[in-house]
Each structure stands twice: as C-alpha cells, then as structure tokens.
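You will see two complexes here that share chain A, one where it goes with chain B and one where it goes with chain C.
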Partner chain A sequence: MSNGNEKVYQAVSSAIVLGLTLLSAIPLIYVISMSLVNEQEWIDRGGFILWPQNPTLIAYERLFQGTAVLQALSATVVRTVLGTALVLLMTTLAAYVLSKRNLPGRKPMLFFILVTILIGGGLIPTYLVVRDLHLLDSVWALILPGLVDSWSVLVLKQFFENIPGELEESAVIDGAGEVTLMCKIMIPMAAPAMAAIGLFIGVAHWNSWFDALIYLDDSKWHPIQLLIRNMFSSSEIGAQFNNAGQHNAFNPVNRVSAESLKMALVVIGTLPILCVYPFLQKHFMKGMYLGAVKG
Partner chain B sequence: MVKSLTKGKVWMTAALACAVLLQTACGNGNEGGTASSADPSASATQGASSERVNIELMEVGWVNTPVGDNDPYKKWLDDKFNVNFKLTALPAADLEAKILTRFASQEPPDLIFTYDKNQILKLQSQGVLMEDVTPLLEKLPSINGALDENAKTFTTLDGKMIAIPRPPEPGNWTVMVRKDWLANLGLDIPKTNDELMNVIRKFTTDDPDKNGKADTWGISSAGGGSSLGEIGNFQGMFGQFYGFYIQDNAAAHAVTTGVHKQFLDFVKTLVDEKTIDPDWYTQGWEQRKPKLFGNKIGVAWYPGSIVAEHESLQENKGNYVDVWEAIPMPKGSENGGVRGPSGLVNGMYAISANAAKDPAKLEKIAQLLEGVSYPNDGYWALRWGVGPDGQEVLDLEDGFKFYTEAQDKYRKEYPGAWDYGTWIGTSRDKVLQSTADEPNATGMKQLELDEKAKGFEATKNYNDLLELDPQLVSDITKMTEEFQIKYILGKETDYDKFVANWKKAGGERLLEDAEKQFKAMNLIQ
Partner chain C sequence: MSISGPVRRPSLVIRMRRYWFLYLLFVPVIVYYLVFRYYPIFLQGILAFKQYKLSSGIWGSPWVGFDNFTYVFARPDFYNVLENTIVISLLRIAFGFFPPIVLAILLFDLRSSWLRRVSQTILYIPHFFSWVIIYGIVFAMFSNTGMVNQLITGIGGSEQNFLMAPEWFRPLIVGSGIWKEIGWGTIIYLAALTGIDPSIYEAAKVDGAGPLQRIRHITLPGIRPVVVFLFTLSLGSVLNAGVEQILLFYSPATYEVGDIIDTFVFRQGLNQLQYSMATAVGLFQSVIGLILILSANWLAKRYAGTGIW
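Presenting the complex of A and B:
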C-alpha cells in the first residue's frame, strides 16, 4: 500500500473509532451531566442534558443529607477491602500449594476446587450453609462463601508453575524456608497476576447486591448497589429528597428531579471503584498477558 | 536464633489474626435466625417484654430503604400489641427471591403483603401458607366489612381463601385536559373521539399557550421503549379493553371486538399528523415530566396530583392550580367512553403455615391486622404517624383530612419508615398529603379532581376473576406489544392477519377458557 493510501486508511479508521468511542461515551456523559442539574434546568431543557449550563451539586447534597447513602457506602468499602484482601490471601495460598507438582493428592484437590467452576451449590443450599454457620446479618455472609475463587486459583497456579524452578532451588540453598520462599520470591513475582485478580475480585464485591438481599435482613450491611436498586424502584425518590431538612423549598432552583437523584446515585456507586483502576493499571496489563506465555 | 524468633512472631501474629477473624464471624452473625422464631434465650434478657410474640411482615414497599435504630413506629407497634415486630420491605422484583429462600430454609416470615397473586399461588401449591384464612375474617371486621364478593373470590382457590384481600381502591386516574388552552382556542371539552382528535390537533398547531412559538403537542405518553404507555387507556373511548371480559353474554377481548383496532387507528393518526410528542414511545415516566409540566402537552392520563406536581415544578406560585380539568373518557362507540377497571383487590395478606400452627401467634396477627386497618387508631399511627411520631391529621370539609410532611422529621431522615403504611394505606381515609404547612388551593384542587375522576364510569373487572394459562397470556401480550407499535408506525398494515395469528398463538384457547370459567361463575348464561 502506498504512503498516501496508508494515511487515508489511518485517517478513516481513526475517525470511525473516534466516532464509536464518542457514541459509547454518550451514556456516561449523560449520567454525569444529569447528576449535576437542578430541577429548573431539567424542566427548561426538556430532560435530556449532555452539558449542564448551571452545574450544581444539589443532588449529591440531598443524597448525603440522610445516613442511608453514607452507611451503604461504608458497608461496601468494608466489604470490598476485607473481601478482596481475604480472597487474595486464600487464593494465593491455595494456588501456591497446588503448584507444587510433588504435592501428595494434588490432582484430587485440584479437581475438587475446579469442579466448583461448573457446579454451584445453588441458592437454597448455600443459604442453609450460611445460616447454619450463624453468618446471617453479618458482613461475613458476603465474604466467606466466596473466599476461594476457583478461576483465580487456576490462573495463579499457572503463574507459580511458570516461575523457573532454579530460582526456588537457589533460594532453598541459601536457607529460605517455605514461608520465606513464598512471601519473598514467589508472591512478588506473581504480583501482576495478583493485581489483576485483586481488581476483578474487588469489582465483583463492589457490584454485588444479590447476596446482601438474601443474607441480610438488617440493613446495616446493605451495600450501595442494593440501596441504588431499591431507590431506583421507588416512585417516591424525588419527593423524599426534596422534602428533606431545611431544603423544603418550592423553587425548582433549590430542588432536584428524580432523574438527577438517580444519576447521582449511579455516580456515587461507580466512581470509587473507577478511581482504583489507575493505580493497578500497569500491573493489570502485565498480569493479563504474562500467564499466557509459557517457559 | 534471631531468624527463628522472627519466624515465630510471624506465625503467632497470623494465628492471632485468624482467631480474631473467626471470633468476628461467629460473633457478628444472626444467632437465632429471624424474628419469626420465639427465642427463649432472647426472652430471658427482654424483661417486661419476655412474653412478646415475634411477628415478621415481609412486603412490597414503596421506599425500601433503611429505617433508623430508634424506630418510633416499631416501638409503638411493639408496645401497643405486645409483639416484637419486624418489617422487611423490598421492591416487587426482589420479594419473590427473598420469600422463596426463607420458606425453603424453614424460616418463613409470618405475614406477607404482596400485590402479585402468582406469588401467593406458588407458595400455596407448596403447602407453606395457611390453607384457609376464612375463619380469620370474623376477627377482621374492618377489612371484611369493606370487601365485596369479587374480592373474596379473587383470593379463593378450590373453595378456600388462601389470602386476605385488601379492599380495592377506586380509580382516580382519568383524562386531564388543559382547560386554559381550550379557553384560549375557543374549544369545548371533548366528548367524542373525533372532538378529542380535533382538540389535540389544535393544541399542536394553534399556539394554545399564546407564546408565539410552535412548541406544544396535543398529547404524549411514556412507553419506556417497551409499550404504548398510559395512552393505552384511551382504548376506553371505543369500549372495554382490559383483558378478557363479558360482552353480549359471551367471553370477549378487545382484539376480537374491534376496540383495539379502532384505538390503534386513533394513535396512528396522531403519529402520522405529528400531533403527539415524538418521544412518546421511548421516554420514561420521569423523562416526560419536563414537557408535561413545562407547558408543552395539552392532554394527559393522570390522577389529581397533576396539579400538585405541575405547581411544584413551577415554583408553587399558584399559577397552575386551575389549568387542568378532569374529564370523562370521550366516547368513540356505543360501548365506549369508559375508563378501565380498578383491581379487584389492592394487595393481599398471606399467613405462613408455620405461624398458623401457633394459636397465640395467629391470634396476635389477627389483632394486629384489625388494629392497624382503616379506620382504627393503628391505621392513623402507622400510615400518618399519629402517635408514634407526634404527627397530626387535620379535619377539612366533606370528611377530608389534611396531613403535612413539613413537620415529619423522622420520615424525612428515614424515608423507609413510610413503608409501615404501605401494607395498610387506602384512599378511603380521604387524607390530602402535602408538603405545604396548611391546606392550600393546590391541595383542594387535587382533591376535587380525584373525586371527579372516581365518579366517571369504569368497566367491570372480569379478567382478574379468571385463572388463565400464564404462558399463553404472556405470549399473546408480547405478540400484541410487538405488533401494535409496528402498526402505528405503518410497518404493518394487516390487522386481520394479526387477529388470526393472535388466535392461533393462544388467544382462541384463552377465549374458550374464559368462557368456561365465566359460565362456571354464572356470569354467562
């Protein structure tokens, strides 16, 4: 292909990709924009706003006036941090042990862990187990049932197996025990994979709501996603938050539409986890590909 | 040696951490399941309330958000009825999953409130509900006295009442029209479909708000992208349209009687002439509000609260109190000019078989239900906070009452407390709920429009008396939804072919089933 044609091809491809990107971004822009408008602007501009003319944080102020949103956010952060840390710990331990080819009973152990990828306990049996372990109405009901992620065990096991055996041998010769070997040699080398898995687990915990619905009657540990779901299904959300506290004003400039409240809730429920991604990005990209190449 | 000590510290720390985690896991959990079991160890620590019966209500709520720890409504209920009351409010979409899990794990709630009869039937078929609640009705005069035979029939299966119906609500939705626009254009209240079409045209083309801009439409809807939305109620212009019904002593359906086609032709004309808001099919209910209350739409299907909503979105200056008029459905045929029917019931209370086996608990449930039903004291307490939260309900003329949210501090902070009223609320209480400090013109106008609407003719509800194959009903409903938008947009033109397909897809069989059931009920001779 000549240089001229190549340039035209690049220009057209870039234009198409840029167009598709902008199209994909429109819903996100809409969510953020709608969360920043008051009721007056919503009425004046007909309800579909991609760029607020008078941006305001009134929707966020109203949502944080009561305790429900803050409580749900706190519960979600606790669950996500604790859950991710514990899952990583347990998954790493399981993967490291199972990566040892000379481990007695390795194959049956691997089978029992991996079969859970295909077969689950089901809703009712799992609920019965959680109940009989006295975990209902506790944050542990949201964390312990998923403590060992089978898929992550597979990925990490593969990582550990790919680490050259010579490294291990030289560490052992230098006097390293199993724990030192695992903590100071193997885990640092598997850091990219662990970062990727940690991100997947963290996002899964952040987005979970169904387990909270089933296991928690006490709303103290209800996560933000469950609160968002409940509020979205409420027809009274606009009335509730426009009559709160001293903001019982009739002026639409001081009021916020139900649509804006919902969009603000979406932003509150999404932004924190989005902020984590840049910190893990370099590990994430490395982790996605390292395990694919063997030897 | 130093390395060993350090190693020992690491293992000791890890062991301590595990012990703490296990302790937290076992210590923070629910120790005794749910409130539906009377826990002897709990009663030992409850002192004067040691004989309280645990009662859990699971319901479809309005708000479904948390209530605070110092919940005055729970306290009032516990003290008044000597119970340990637990309220679990969930969105309708989640109630089934939660209920089924709890029943399957032998920890059912004692009382369930739902609008979905299929949920009740599902539980009844598993044998986990009280088999026949009829004997309980004697202890519920406030509920029983307001029920008609159709409501009782609705919750009866094989001669046994499987749930206690809540009395139906008279419908307060009707056609609302901008009477100031009618006056500006010298038009009369439309009484027929042709007059309505003319009004809609003029509202679109003749600048009814006199602002010099062509920025209005005659009518709109909020289909949400999946249905025609509330404009579907205008089928009533041409006759009955709700499900399967009785016409000329036979089972009938709007698809086979021609009502549906006449309605589709009406909407098609609106779309072709561009006299309907172009977003009518895709926008949701909330998304339509800026247009409706931004003075862009002239005709709507709404209850009397249209006045309050319009005013609140226009700074409550009183400019829009008297712009809407409630009118009867315009008549498009001999059998037309009707609103669709109200539901036969406004929700149902089901009692778990577990609770029914305990005579003391069953008695308490009956006391509770009777005590909180309109017009008893408990109703005013839970629904409007009179008692638990120090709220007041003021008397107005003609038996109406007024309640202001302005002083309701607890429910402002914890809106989830409104769900104490979800399972008992009724418009029979004639309460005007307002954000204003005292009754104003807006509120009185809302009451006036609602009372007018309740007086307009509505069809009888035959469909809800039937037990039809839900799969067939779902199939023909889906088929109808898909066809009607295509017909309106001109992509399908052969209505007769649709009717033939509709019958083949299950419509014919459903008509036969309906006919048999109506005969069994002696509604058809």
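Presenting the complex of A and C:
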C-alpha cells in the first residue's frame, strides 16, 4: 500500500520539479535564441523563436561595432577586479583581527561592525557623503561605499576561528611574528573561504548598476548593467545599430531587430556569471551544507 | 584553566600593547565604517530636522524641527506609497515564502539523483542575475512582441500590455521575484533537511508510513524552526519592498500601484533635490524598520528558539 503511494509521490514530485526546471530554463533558451537571429528570420517567424533556424551573430557584431558596449564592459571589468580585490583585503583584515579571541576590546569592535547590518544612513545621507568626498563621477564612488561587507566578515571570522589553535601555537613557538603568522599560515589556510567570498563579491560587483545610476552622471564609468538598462528604455536602439553605411542596409537579412539586440545585451550581461557559475555552485553547496552541520 | 593557583593577569595596557599590530590592521576598517556607515547615520539624524539649502550646505541650513515630517505626512501620495510598500511586501511573502519550502521537500525526497542535480543546477542560476537581466528576461516574455503575447495572439486572444498595465504590475513584480529566488530559497531548507537523522526515516518506513505521513510527521517538524525563523525575519523587512527591481519595472503609468518608499525617496531626493524631505522619509523608514526587525527577532527567539543574534 505505502509502496504504491511512494511511487505516485515520486512520479508527481518528479513532474513538478521537471516543470519548474523547464519554467526556469525556457526563458533563458528563448533569450539566447532571440539573440541569434537576423531581422529576416524574426519577421518570418513572427518574433517567436525558441530555436534559431539560421543562427547568426549579427546582433553581437553590431553591438560591438560601436564603442558603448566595449567601454561599459571594460569599466565593469575594472570596477569588478579592483572592487573585489579591495573588499577581499579589507574583509580579511577585519575578520582576521576579530578572530583573535584574546584581543582586548574584541567584543565592542565586533559590535561596531554588526550594528551596521541593522541600521544604515539611507540613500540621501550616503549620497551626500560620497558627493562631499568628491567621489562623484569616479570609479571610487562604485568601490569605496561598499569596501567592507559585514556579512562576509562574520563568515570569514568564523572560518579563521575554526583553524586549530595548535597550528598558531607551534608557529609562535617556532618564533613566527604576527606578520609571518598571518601571511604564511592563517591566510593560506583560509584561502578556500576567501576564494568563495571573492566569487560572491565579484558577482555582486558585476551585477550592480544602482550605485552607478546614483553616483555617475558621466557615462565614462557606466557599467554594463546600467548600459543595458538604458538601452532597454531607448526606442532608438534598432536605428542606432542598423545604420546606413552598411552594405544593403535595408535588406532584412543585413538587419537585426531591436528585440534581438536587447536579448544579445542580456546574454552579454550574464555570460561572465555563467562562466563562474560552476565554481559558485561548488562553493555554496559545500559551504551551506557545512554550515548546517555545524548548526 | 590553570591549576597552579591564580595567575595575575597583565594590565590592560600591557595586553593591548602586545596586540598593537592587530589594532593597526583594524584602523582602515574603523575608518571605513566611520566614514561610510556611521557618518551617514549621523547625517540622517541631522538632515531630517533641517531645511537643506544648497548654498549653505548641511551645517549652515536652518533647523526646522518636525516640519519635514509634517509636510510628508500631509501629502496624500505618501499614504499611497506606504500602502504600496506594505502590500507588495506582503504579496511577496504570501506567494513567495512557501514555494521554496515545497520545492526543497520535493528535491530532498527525489529518488532520481540526476534529475535532482540537473534541476538544482538550473533553478539556482537566476539568483545570480542582476535585476537588470531579470527585467530583460521579463521583457522577452511579456513585452508586446514577447513570447507570452505571441502565444496569446497565436491562439486567437488579444494582446495584453503587461509591462505598462497597472493591473499586471504587482503580479509581474512578485512573479519575477519568485522566479529569480525560488531555487536559491531551497538551499537553507535543504541544509536543515540533511540535518534530520536518517534513522527516523528508516523507522517510519518500517512502520509503514507513506510519503505524506512522512512529510507531516518528520520532514515538516524537522524544518519548523527554520521556517518560523525566516518567516518572522521576512515580516521584519516589510518596509523594504525591493527598490532595484521596482525602479526597473515601474513607469509613470504604474506609479499608482508600484511606487514604494525607496523609489519615492529616490525620486524626491535625487531627481527633485528635496534632500531634507527625502532624508526624513528615510529616517522614518529606518526607525520603523528597526522596531520591526527587533520585534521579529524577539518573536523568532520566542517561537523558533533561534534569533538572528
């Protein structure tokens, strides 16, 4: 009796999980497919393309013919690399110091950091601070306000605390000073955790656009996500990238629809995320389960 | 710990001098928090009670007491904004809180491990996309030329203006939020589920319990603390209805149903340059938010046995 129930349950739950997975996957496939067609196919098939018949990279070629996308991509790479490196450095400093159990004043120092998870100054006061420090329109406006991530400090601090104390003691007996201890022993031990945190911070930097919207008027440092957002609200994207001067400019085979251009932008904006996703997945599955085991 | 009688602790100064290097390392961290985290909090408390004038700056501008607050609370559109914020948050909880729990249980119980692996891999992806990308995907699905309208017109229906129609705004916001986070939301429950002792399941099987009895008597009690904890936590943040997402999705046509506190502050503050008024709204939001999160934590401790701190 219960065996039959189990079979029904397995069938139903497999169907639901499969359905939800398709619901996640189909929009992604649709976006990619739409980015791979020219205007001819788009017209022929009434704009409904789950799989391109004549895949072409024309949308990508057009987007990269202009300088805007390239400039936004390089600005994003700079802010992501610089931002991730600095956040990781500062977060590690904070976590390392706070992991020293015997440090006088450790509790208030920890409290000092954790309070900011609960209360913040809000949009306008933070904007005024950035403005008064003359950071507007510079890449530092995208990096300095988020220089330490309080949650990551907590995670990394716990990681340092779990490194066996004997390791530290034997190093001190061997005559290692504080600098040697930190750089030669503790940080290498914490490298996997730092790599995981770095990946998450990097993804956050790659994805952010709201700070650029607030702090940058000048489009020189506009990141790719903000460019995508602006191009989605532009009604001229089709004309912008289908300009005359191209051979047979009005033949739909040589043109690309505004929809395909937008979908190509979405793919460009996600491609790096998809590239690091396997590493992310490895880390968060492992990390989350370990965290749960510890309670 | 010592067994050789009391050891005199060295004085605080001596102990602190031993750690001078660590304090030195901590200085940049302190500077960061003071400048970018604490000073804005302080400014918020000042600016909300001043009438900011660009020419005189923050310190030269006159004090106006509670004028900014009385002005905001006299505006009828502010109540609309407040209502939208709470309604959208509650809709998110009502429709978005339980699906990850159900999905986590189904994934956990799946016998086919390849289906579990493949579906988990795909379901987690959207969590790592920015809201801009999510908007792009929603656009692909729901714009006038999008997939859904192609399907509707294909079967003879009439085109729906999903992205601009007020009646579709909240379903799209809540729905795309669920689409983005349903997979990621399962992780914490899956972690709790793996913590349940497998021998309990074995015993239930021997006793002839079916899948529904198993879920009701073992699985659900096993994740109950996490569920209660996350539920109270989500109640604690009802004044934050998702500014990035709404800023992308809304338009003047949908302000009426979509304008929330954060987007209101954004427009009034940064577009209209009403710094003081926007800061007052921000302070109001912070104070209520803090009260809510502290009460939520108290509730979580009381009913789930675990608080945030």
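One rule holds for everything that comes next: the second predicted complex is superposed on the first by the 250 of 295 C-alpha atoms of A that agree within 3 Å, B and C clash if a C-alpha of one lies under 4 Å from a C-alpha of the other, contacts with A are read in each partner's own complex, and residues count from 1 in each chain.
The definition used in the following text is that a residue touches a chain if its C-beta (ideal position, glycine included) is under 8 Å from a C-beta of that chain, and two chains touch if they have at least 3 such contacts.
The structure presented is a predicted model; accordingly, all values stated were derived computationally and were not measured.
Here chain B and chain C are compared by how many residues of chain A each touches, and C touches more. When the two structures are aligned on the shared chain, A:T270 is found in touch with chain C, with no touch to chain B.
Of the two partner chains placed by superposition, only chain B is touched by A:G66; chain C is not.
Of the two partner chains placed around the shared chain by superposition, chain B and chain C are both touched by A:E259. Judged by the touch definition given at the top, the superposed model places A:G120 against chain C, while chain B stays out of reach. In the superposition on chain A, contact is made by A:R229 with both chain B and chain C.
When both complexes are overlaid on chain A, the residue A:I214 reaches chain B and chain C alike.
When the two structures are aligned on the shared chain, A:L128 is found in touch with chain B and with chain C. Legend: residue contacts after superposition of the two complexes on their common chain; A:P164 is shown touching neither chain B nor chain C. Under the contact criterion defined above, the residues of chain A that touch both chain B in one complex and chain C in the other are 46-48, 123-124, 127-128, 133, 144, 179, 210, 214, 229, 259.
Chain contact summary for the complex, chain B toward chain A: residues 7, 10, 24-26, 28-31, 33-34, 62-68, 86, 88, 90-94, 97-98, 101, 104-105, 107, 283, 286-291, 293-294, 312-316, 405-406, 412-416, 418, 435.
Contact residues of chain C toward chain A in the complex are 12, 15-16, 19, 21-23, 25-26, 28-30, 32-33, 35-44, 47, 58, 103, 106-107, 109-112, 115-116, 118-119, 121-126, 128-130, 132-133, 135-137, 139-141, 143, 145, 147, 150-151, 154, 179, 182-183, 187-188, 190-192, 194-195, 208-212, 243-244, 247-248, 262, 265-266, 269-270, 275, 278-279, 282-283, 285-286, 290, 293, 309.
The touching residues of chain A, when paired with chain C in their complex, are 1-2, 5-6, 9-10, 13-14, 16-18, 20-21, 23-25, 27-28, 30-31, 34, 46-48, 90, 93-94, 96-97, 100, 102-105, 109, 112-114, 116, 118-129, 133, 144-145, 147-148, 178-179, 203, 206-210, 214, 225-226, 228-229, 232, 259, 262-263, 265-266, 269-270, 273-274, 277, 280-281, 284, 288-289, 291-293, 295. By the touch criterion stated above, chain A contacts chain B in their complex at residues 39, 42-48, 66-68, 71, 123-124, 127-128, 131, 133-141, 144, 177, 179, 210, 213-214, 217-220, 222, 227, 229-231, 233-236, 238-240, 243-245, 248, 250-252, 255, 257-259.
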